[in-house]
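The structure under discussion appears below in the form of structure tokens.
Should a chain be cited, it is by its letter among A, B, C, D, E, F, G, H, I and J, assigned in written order, with residues numbered from 1 in that chain.
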């Protein structure tokens, strides 16, 4: 089950302006309708406030979705909410890319704050 | 025959701002002039209002064009109209990419509402 | 010899906003200086007014340059002029990409009307 | 030795707006410090005024750097100066991409006039 | 240990406007937590003021991180600070791309001054 | 329904040794279990005997599978049988590549006669 | 837990010679030492005897490894054993490609019977 | 009209063993049935005897097919015959790759003498 | 300093025939002449005897070359010797790919026992 | 002028079997007919006898062709002769890939001794 308590943070170690991107190509959850696994990638981009998310804790947090039945859109929104709560970033973007089903692949983009135009497409 | 009644929707499962993209690389219809099949990809992008299109219903809807004789531009416009009617999105873009004929390949872009500049090229 | 009378049009089959792109990777003409053939691709992009160019007629029109001795820039400008005259589009862009000679490859971009920024590079 | 007298021009053969790009992937000069050859590509982009640079003369001009000892930045600036003097373009951009040395590859961008934002990265 | 004294500069050898990019795909440092090596690429972009960084000195400077235990974000910020101090550029951007750990790869972007929008994503 | 009578042949127009390969990336049939369309590519390779298959007739023949419910393996075997009967080639290979279902994509290889080792993988 | 009883087969629907390849890029299991998930692709190639493996059952079988703690080599060997038992193929090859850990990615190849040289590398 | 008299040769300038490959990606002829142009690439490989084909003469020879109505297979065979007659090579292979028509692209391979297995696929 | 005592092995966990490949794209050592770092990839392939090399120990072993001054050829030979001693494989191949210096990149292949022809190029 | 005296060698630093490949993508010479520069890549592969070619000396040797007027085939043969004389390898292969002229690019392969089949295509 998604577990936001796994997320650790540390003080932002460099002056602004600073932008951070973490790409995890090994995300998996379960389709709540069919019970089949979904596979995808999760890209996190943010401008940190005072704190940054620690990388190993982020990995463990993503792994906590492994056996969760959840829709693409809901998973994307939930990751956004947990990370915003943990870090209070200036802005944040979560992009999920799903290998898809039935010949259709999908991308979901959830944002918090004012994401610069350059990232509008995810 | 294209059948918009196949489209199902569900309540948008996450707070705004949220953007959704579905890419179907297995679209086929029939050229209304020659009767030969056309092959292409359909990309749907939208910012949802209250409802999202359900993925399996979208697949079945696309399949309903399989034996329809229809021009590229008309198919693109029709998909836009059906999806706008089904979901009432904040904005929506339909991009069709056709493998083409006679050495010419084509892209058609139909939009509804104010699509952000980042997607202008489809 | 380039023959604009080959161009057929048909009424735009979908409501605006609609954008259309046709890529022909099989264009050839002749260098007016050396007599050697030039090979390239022609990309046409436009926002239609009331009429669209018919695809087969476009192919035949492009083929009419096959044995014409003409500079890159002149060919690009001539295609623009012929298509604007035939369709009266809201805007139009012609991009030619030439395999080049002497180790130099070239792109020429000719525009008509206000082409959105997203296509500025062709 | 770089020889701007090699550059020929001809009257711009099409109405504006017109943009022209020539990519030469076979550029070589010599490092002024080590004497080792440098290899790279030179991309020229411009909006012509009344005259365009002739392609074969451009090739010969680039070849005149072959045994010249010159820094990346200086070569890029010199090409810009010579071409601006020869053509008086509305705007012009010279981008050099160097295979590099010691594991570092480089790009230098020199501009003249107001280059549209779309080409800002070269 | 990172050693800014390794950085040499030389007078900017061409008139403005000039932009410079150096990509080093052979960067390595050490994770301060696990002691395992980190591997990545460092991209430097800047608009020079009166002085440019000399390429060989830049290589030696990057090599001085080889056995340093340092976080991604701190390394990126430190490189920015050292280069700004050495060159006083009009603007400067440092982008680090890390091969990553535990299935997550990362990009960090640190900027100084007003970096044009075209480079916002690094 | 697959219709072998659509296949036309013509006398082999060049002396041996001659090898011929035709790749059709626009093949579609229907899954006999689910009724959903399957999409794939069909590659035909052969060393002709006295006759070759005519290209347009081959296209029409492939199109005759469009609404046929048939397994991957059976379609591949049937194409082999029809083409061997039509042309009596020295050898022949049919390779089908299917976009697949449920995250699994497939290749089926059917051969007739002694296909040289170089094509063993399809 | 890996469950070979999920594997269904059906009579080979085409005459020999026939070769079959199924690529599943969505395989995941768990590292028996660290408990972290492993991600990879499984490629199955075989020359069928009297029976072929049914595609949907193959997918479900692969999914049964999802929460199994198992080494790369053992998983590959177990898949081979289960599929040989289910189908009695003329020959069979199982290739697993793992995204890897600590900067090292791996391929394991397990074979049964005489796999033709063309597939020796997997 | 194809004109073998355009082919010049020169004495082989290096000792054996020597292999030579020339790839021309700018070949065009005309379909004898429809009159539409065909576009493709011609790859020539050979082990020279006493003489090699001169490169500029080879270019002019290929250009002599420009307005010739000829089938893929016949063009490939004719090129083989002309080059064998001109050079008397130890062995020779002509591979033509055609952009194709109606969604089908083609490769034709014609050989003379004993082409080593490594080139069997063209 | 290269430390073969870091290599751990475990009993081969599956029956033969089994082939194993580990690719490490994060290898670095030091040039014994210039003192500059070398970067490369190391690919290990082997058919196990009774024991396999443990992946984490392999990573640590490769890391022990980090500050070693050693030639490409010597490093490749030393890795081969250490792994053969640790595992006694049926056959083994070590391929090193170096990013290179002065515009030249290199591959070194060291083998032990009879490596099947399919891997001859590394 | 090509200068074989630039080639240095050193004792082969690892036991057999060992294979070595050096790829230089920065080769240039001059066309003896037109005086225009030729650009290409030179790949050297060999199984060493007692001595290996030193990498920096190889670079300088290749640079000595910079202003030499020489045919593709002759340059390839000369490099082979010089390296065989310098190293006395068990076997050796020189592959030159030329960017080409008039739309035709070329590969020349010169060999000494018995090159294993795996490298037959260069």
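FYI, a residue touches a chain if its C-beta (ideal position, glycine included) is under 8 Å from a C-beta of that chain, and two chains touch if they have at least 3 such contacts.
From a predicted model like this one, the values you see are computed outputs, not experimental measurements.
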item	value
Selected pair, out of B-F, A-B or B-H, that shares over half of its residue contact pairs with I-J	A-B
Computed distance of Cα centres, chain H from chain G, in Å	43
Centroid distance [mean C-alpha coordinates] between chain G and chain C, Å	51
Averaged-CA centre spacing for the pair chain I and chain C, given as whole angstrom	54
Per-residue multi-chain contacts in chain H, two or more chains	25-26, 36, 39, 99, 101-103, 117
Interchain contacts, given as pairs of chains that touch	A-B, A-E, A-F, A-G, B-C, B-F, B-H, C-D, C-H, C-J, D-E, D-I, D-J, E-G, E-I, F-G, F-H, G-I, H-J, I-J
Residue numbers on chain H that touch chain F, as the complex places them	71, 73-74, 76-78, 80, 100-111, 117, 120-122
Residues of chain D that touch chain J when the two form their complex	25-26, 28, 36-37, 39, 63, 66-67, 99
Residue numbers on chain C that touch chain B, as the complex places them	12-15, 17-26, 52, 55-56, 58-59, 116-119
Residue numbers on chain G that touch chain E, as the complex places them	36, 39, 99, 101-103
